[in-house]
């Protein structure tokens, strides 16, 4: 059975933010503008969290890219009254935009704060609408959204593999963030395939997960501790 | 009290229904304007999208959910009085049952609006209703929001019927009176329809009283379950200072506390405004004041237990939220709440002079403010400080949210004014029944005294 | 000798009790007697019991059982019709189904109780209910006694009444 997972090597992460930008471009995420961002409504499915350690001059910055952890026991799923979010057989936490009525309970129950709400409808002034990805919908106001592990790319690769009568190969699917990272810190793959890179990295000593004590069983693995 | 005196007191009760009362009329107009504000703000939000409110990430819930919990909490007034006091056969509850049950019904109606108001896409709210659709998909009953819907629907239906059943004989009294005086007026027709053809035969009384007794017993667990389920909107979430097992009982106690507070204010205003001090007597205020004190103590106990547990455990995520309340940005809000909900009630209510109508009403107003603050702190305080510290947020409400809050208070008072002008706010037949029981008890006492040998 | 009803209004339930005793002594059947009051009367006012009955507690229990079953089935069948796994929970999660079932028990009991009350009281009776000539006495907390009898029948039982009438 396929179970999608992502490995992020924080020892390689430079905090450049290319993953966040690529995610915006790939997934038609709206740019909310200065005023709305000041109110705390910016939408970054993938964000780089910065934690400062130590005091000047021995300050160190820790970068932590955070995205939807696609938890195996997601706290956001049972609380949605209309099944707008549920677990797919391939291990993704699906977000069904058409079904969402905007109660925002899922966002409140996410311990990672990875869910984003469309407070207003997105505006793409000319000619920015030409940049939109045709494989991804544009969400209207009142709908929740979050990282989908670029499900459109997964679907695309699976379709091609089916046409060619074969399995999807490891490394064939690249999420927008893993594709754009200059340090190659992000790897995507099938955690249930023992030969895949992600499942091997998940077994390494440096592998950890965020907020593990909450038993959400995230599918995103962070590699940390090298430096 | 003699029959003639009792009848003259009843005339006071019936006056708002038959005579034009300028103060009530003006009150209805003013609150009608506030109702307009409510619907204007709400309409503005529907047209211009939910972003016109102040909620954001991570504070996804703000004023609307605070108001929702607040109004549902207030709705527990009636259940305490008309159900619990009926079941325990406390005779002094007789004049108070209807005005309390009216508070319950209207507060529930208003509280039930807020889940609609806070939706991002309110026009498809019906996705939450379990009706068969072409999509073949149904609502998710695992969600506490669905439990909310079931519970509030049940409680609203129950409250409406529980308000309505004892109203039938009173409508019959008004009908019989009006038929003699003005058989053709619209008001008389209203009373005739509302009385449903009630005749007052022993069989009807027996069935009605059996039904009211059954409803009283049923509605108590419903009320407990409603506010427990509302509290579980928070307790089921794994957020710091939300995920607490104490929330169920804590919120029920808080709900009854805020319900009694509204009741004290409402009773004081009714007593002053309608001149019905013979019904809403000092004794009633005293007894309710004692209940008020009991709930102040219980609320204080639960609040202390909750905060002590959090502080002692000293978990990082929970302490961040806790410190915000005790000494941080919301400290002034928190300590105001402690003053209005604990310090003032415990300084005033233990004394008989403090349990006067004005005393309890003033304490009640303070408690209302304090209980709203409590809900606000729980909702916004936790959401501001998510577990991943990078995502700290702030919240400031916009005019839309304030307008809807003020408008909802206006709607409540508007509905209450309308109720006062269409039904007697004290249950006439229940007071009469109480009077008969008193007479009977006195006669039995006299008969027993006559039979005793002189010492 | 035309049939009709004789109405009498009494000030207190104790006057009513005396009148009922006299009617019983005259052998008037309880089917021909109608008592009306604006507040419930104590049952010791009636010489041979009020003859009232109610199915109430059983109807409420029946409604509770029906409502609880209906709501539980609603949860079970709808969850199984389009099963979507959420979090760690089963498709038909019993604790959450329990909450919904509880509300179903309550709503079933409420609806059945109110329906029983209305049925047993014969309400609404907007067109069937007859107005009587002395009904306004009910507004003054007096009790009404109506007896169906022939015109010339003994009216000794109306002694002590505030007012009588015939229709």
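Which chain is which? They are A, B and C, in the order written, and residues in each are numbered from 1.
Going forward, contacts are C-beta pairs under 8 Å (C-beta built on N, C-alpha and C of every residue); 3 or more make two chains touch, one makes a residue touch a chain.
It should be emphasised that the depicted structure is a prediction, and the values quoted were computed from it without experimental measurement.
Could you work out which chain's C-alpha centre is the most distant one from the centre of chain B?
Farthest by centroid: A.
Which chain's mean C-alpha position is nearest the mean C-alpha position of the whole protein set?
B
Starting from the mean Cα coordinates of chain A and chain B, work out the distance between those two points in Å.
44
Could you tell me the distance, in whole angstrom, between the mean C-alpha positions of chain B and chain C?
About 28 Å, centre to centre.
Determine the centre-to-centre distance between chain A and chain C, using the mean Cα coordinates as centres, and give it in whole Å.
So the centroids are 63 Å from each other.
Quick one: which residues in chain A touch 2 or more of the other chains?
As it turns out, chain A has residues touching two or more other chains at 75, 78, 80, 83.
Would you mind listing the residues of chain C that make contact with two or more other chains?
Residues 82, 84, 86-87, 89, 93, 96 of chain C each touch two or more of the other chains.
Where in chain B do residues touch two or more of the other chains?
Expected reply: 137-140, 142, 146.
For a test of understanding, state which residues of chain A touch chain B in their complex under the given definition.
My answer: residues 36, 39-42, 49-51, 64, 66, 75, 78-83, 99-105, 107-109, 111-113, 115-121, 140-144, 210-211, 214.
Can you name the residues of chain B that touch chain C in the complex?
So the residues of chain B touching chain C come out as 3, 6-7, 130, 136-142, 146-147, 150-151, 153-154, 157-158, 161, 165, 168-169, 172-174, 176-177, 179-180, 192-193, 196-211, 213-215, 218-219, 221-222, 225, 229, 428-430, 432-433, 436-437, 440.
Chain B touches which residues of chain C in the complex?
Touching chain B from chain C are residues 11, 13, 34-42, 46, 50-54, 56-57, 60, 71, 74-75, 78-79, 81-82, 84, 86-87, 89, 93, 96-97, 99-100, 102-104, 106-107, 109-111, 113-114, 116-118, 120-129, 131, 135-141.
What residues on chain A touch chain C, complex-wise?
Interface residues on chain A, with respect to chain C: 73-75, 77-78, 80, 83, 85-87.
Could you please specify the touching residues of chain B with respect to chain A in the complex?
49-51, 54-61, 115, 118-122, 124-125, 127-128, 137-140, 142-146, 149, 233, 236-239, 383, 386-391, 393-394
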